[in-house]
């Protein structure tokens, strides 16, 4: 890689901090930019000073594991306004997965994947995070896969007294011949 | 290792034709059809020798080219109709198709450049789950109702059905053997005669009805059962064949 | 929410852009910051100018009918050392199919097959899987075939502002001023 002007290294470090999901250590940054750790530390200080001086929307913080850009805490109410509608809405994937679990519980992940024709890992995690589903046990057989079912919260949020109240889908499984 | 000629791979017959036209520096509006047909067939021949997999579309295009070539050899037919229709060049339709394909091929190239440029720009990956922990929503389902859930489930079933139709033409879920065993078991319970209509009443698919019928025919052939029908289109009653001395109740397929 | 100094709104917009996982529209930003759309647009211009002037590691681009921060393309070699490179490039077949869909949408599979002279099933499936295209409806007529169109992800993937900005092959990218 070509030799860089100091300012360019600073920009590259900004770019790295921007895309990193995890805090970056000085060591990692030094390896990528091919600079010494001391130089990197000086750049990090400069980046931090820039953010402070210009009152950017985000600043550089040092945490145990390294350095990371975070949004200013005083802007949390605005970010909440942005994030909330997004989090309130269940994605199509999550909704499909929830429907399958609700109607076929207890059911394993591989059964859900098979019905949906795609991997449902992240949908299941979302639903677990929102306490709409839970692990209800293990299925007998090879690998003893986890079984999922709906929770009390699920009934509460959908305003149902019990699972029997769930309306039958317009077409039943038997008609479709997949049961 | 055998000597190998590097043979370019083409997306399809149109791609190959365009390549030949460009390679020969030919005017697309005046294609020397005999030359191009020859080169096209040569390519197919070489590809065949090298075991390159060619789709059927390549063969269809070869036929089109040969047909155009033949029509160009024939004397121009005199159109007897009163309309002063322009005599059609047999190549006309192919030329239009080639021009259209060429246009999109060039557009695809621009998309490729954009893709390349864009792949060097990185977005921040935002972890929704992490953000959710900071702002726990009061209601995790938003505006979804249980009716929505039922509707989504119906749609999934419909999709599953579509997919199954495509993937498995004949799933041998219910075998003739299963059904013969089932019929024999039912006959034990109903020695006074088993109704065929009742037998198929629980069938969930057309396949199952057919398999049940095949099983019945098999049992008749094997002499395990006999059937009686009062009238055409009426119910069929199935009876166990009376056992002869020394015969066992077991049945088997040859 | 308290009345904000102009600079603070700019910082808030930066913070919003920082946590958004999709390009943000002027409308959304205006709603959250309780500013007019014109004001928001002016702030966005200022943020963009800041990034350019200071040669930040990332810049503001207008894409998929919104605004988004992305890293500078010249730093890609460094960023690729940190994060996994993006998905595989599209195949020739997929690009041809996509070009036809982009320019002729809504369009049916048989129209695509007709132009390409080959079956486009697998190319269409790839594009659907990568959410670059979607089913937009059904065509009236026999069989009611599925119609396909491009998605927001398509604009994002190719760095396009909107469908009006679709590139024309006659002119090079530089001439069109989008490079």
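Letters A, B and C name the chains as they come in the text, with residue numbers starting at 1 for each one.
Everything below uses one rule, namely that contacts are C-beta pairs under 8 Å (C-beta built on N, C-alpha and C of every residue); 3 or more make two chains touch, one makes a residue touch a chain.
Note that the structure is a prediction, hence the values are computed from the model and not measured.
A.B. asks: Which chain has its Cα centroid closest to the overall Cα centroid?
C.D. replies: Smallest centre-to-centre distance to the global C-alpha mean: chain C.
A.B. asks: Please flag the chain sitting at the greatest distance from chain B, going by CA centroids.
C.D. replies: A
A.B. asks: Measuring centre to centre with CA averages, how many angstrom lie between chain A and chain C?
C.D. replies: 22
A.B. asks: Please tell me the distance, in whole Å, between the geometric centres of chain A and chain B computed from their C-alpha atoms.
C.D. replies: Measuring from centre to centre gives 37 Å for this pair.
A.B. asks: Between chain B and chain C, what's the gap in Å when you average each chain's C-alpha atoms?
C.D. replies: Between these chains, centre-to-centre, one finds 33 Å.
A.B. asks: For chain B, give me the residues that contact two or more of the other chains.
C.D. replies: 122-125, 128, 131
A.B. asks: Which residues of chain C are in contact with two or more other chains?
C.D. replies: In chain C, the residues touching two or more other chains are 18-20, 69, 71-72, 79, 83.
A.B. asks: Show which residues of chain C lie in contact with chain B when the two form their complex.
C.D. replies: 18-21, 61, 68-74, 76, 79, 83, 85-86, 89-90, 92-93, 95-96, 98-100, 102-103, 115-119, 157-160, 167-169, 173, 179
A.B. asks: Residues of chain B touching chain C in their complex?
C.D. replies: Residue list for chain B touching chain C: 11-15, 55, 57, 61, 97, 100-101, 103-126, 128, 131.
A.B. asks: Quick one: which bits of chain C touch chain A in the complex? Just the residue numbers, please.
C.D. replies: Contact set of chain C toward chain A: 1, 7-8, 10-20, 24, 28, 31-33, 50, 54-58, 69, 71-72, 75, 77-79, 81-83.
A.B. asks: In the complex formed with chain A, which residues of chain B make contact?
C.D. replies: Touch residues, chain B against chain A: 122-125, 127-129, 131-132, 134-135, 137, 139-154, 156-161, 163-164, 204-205.
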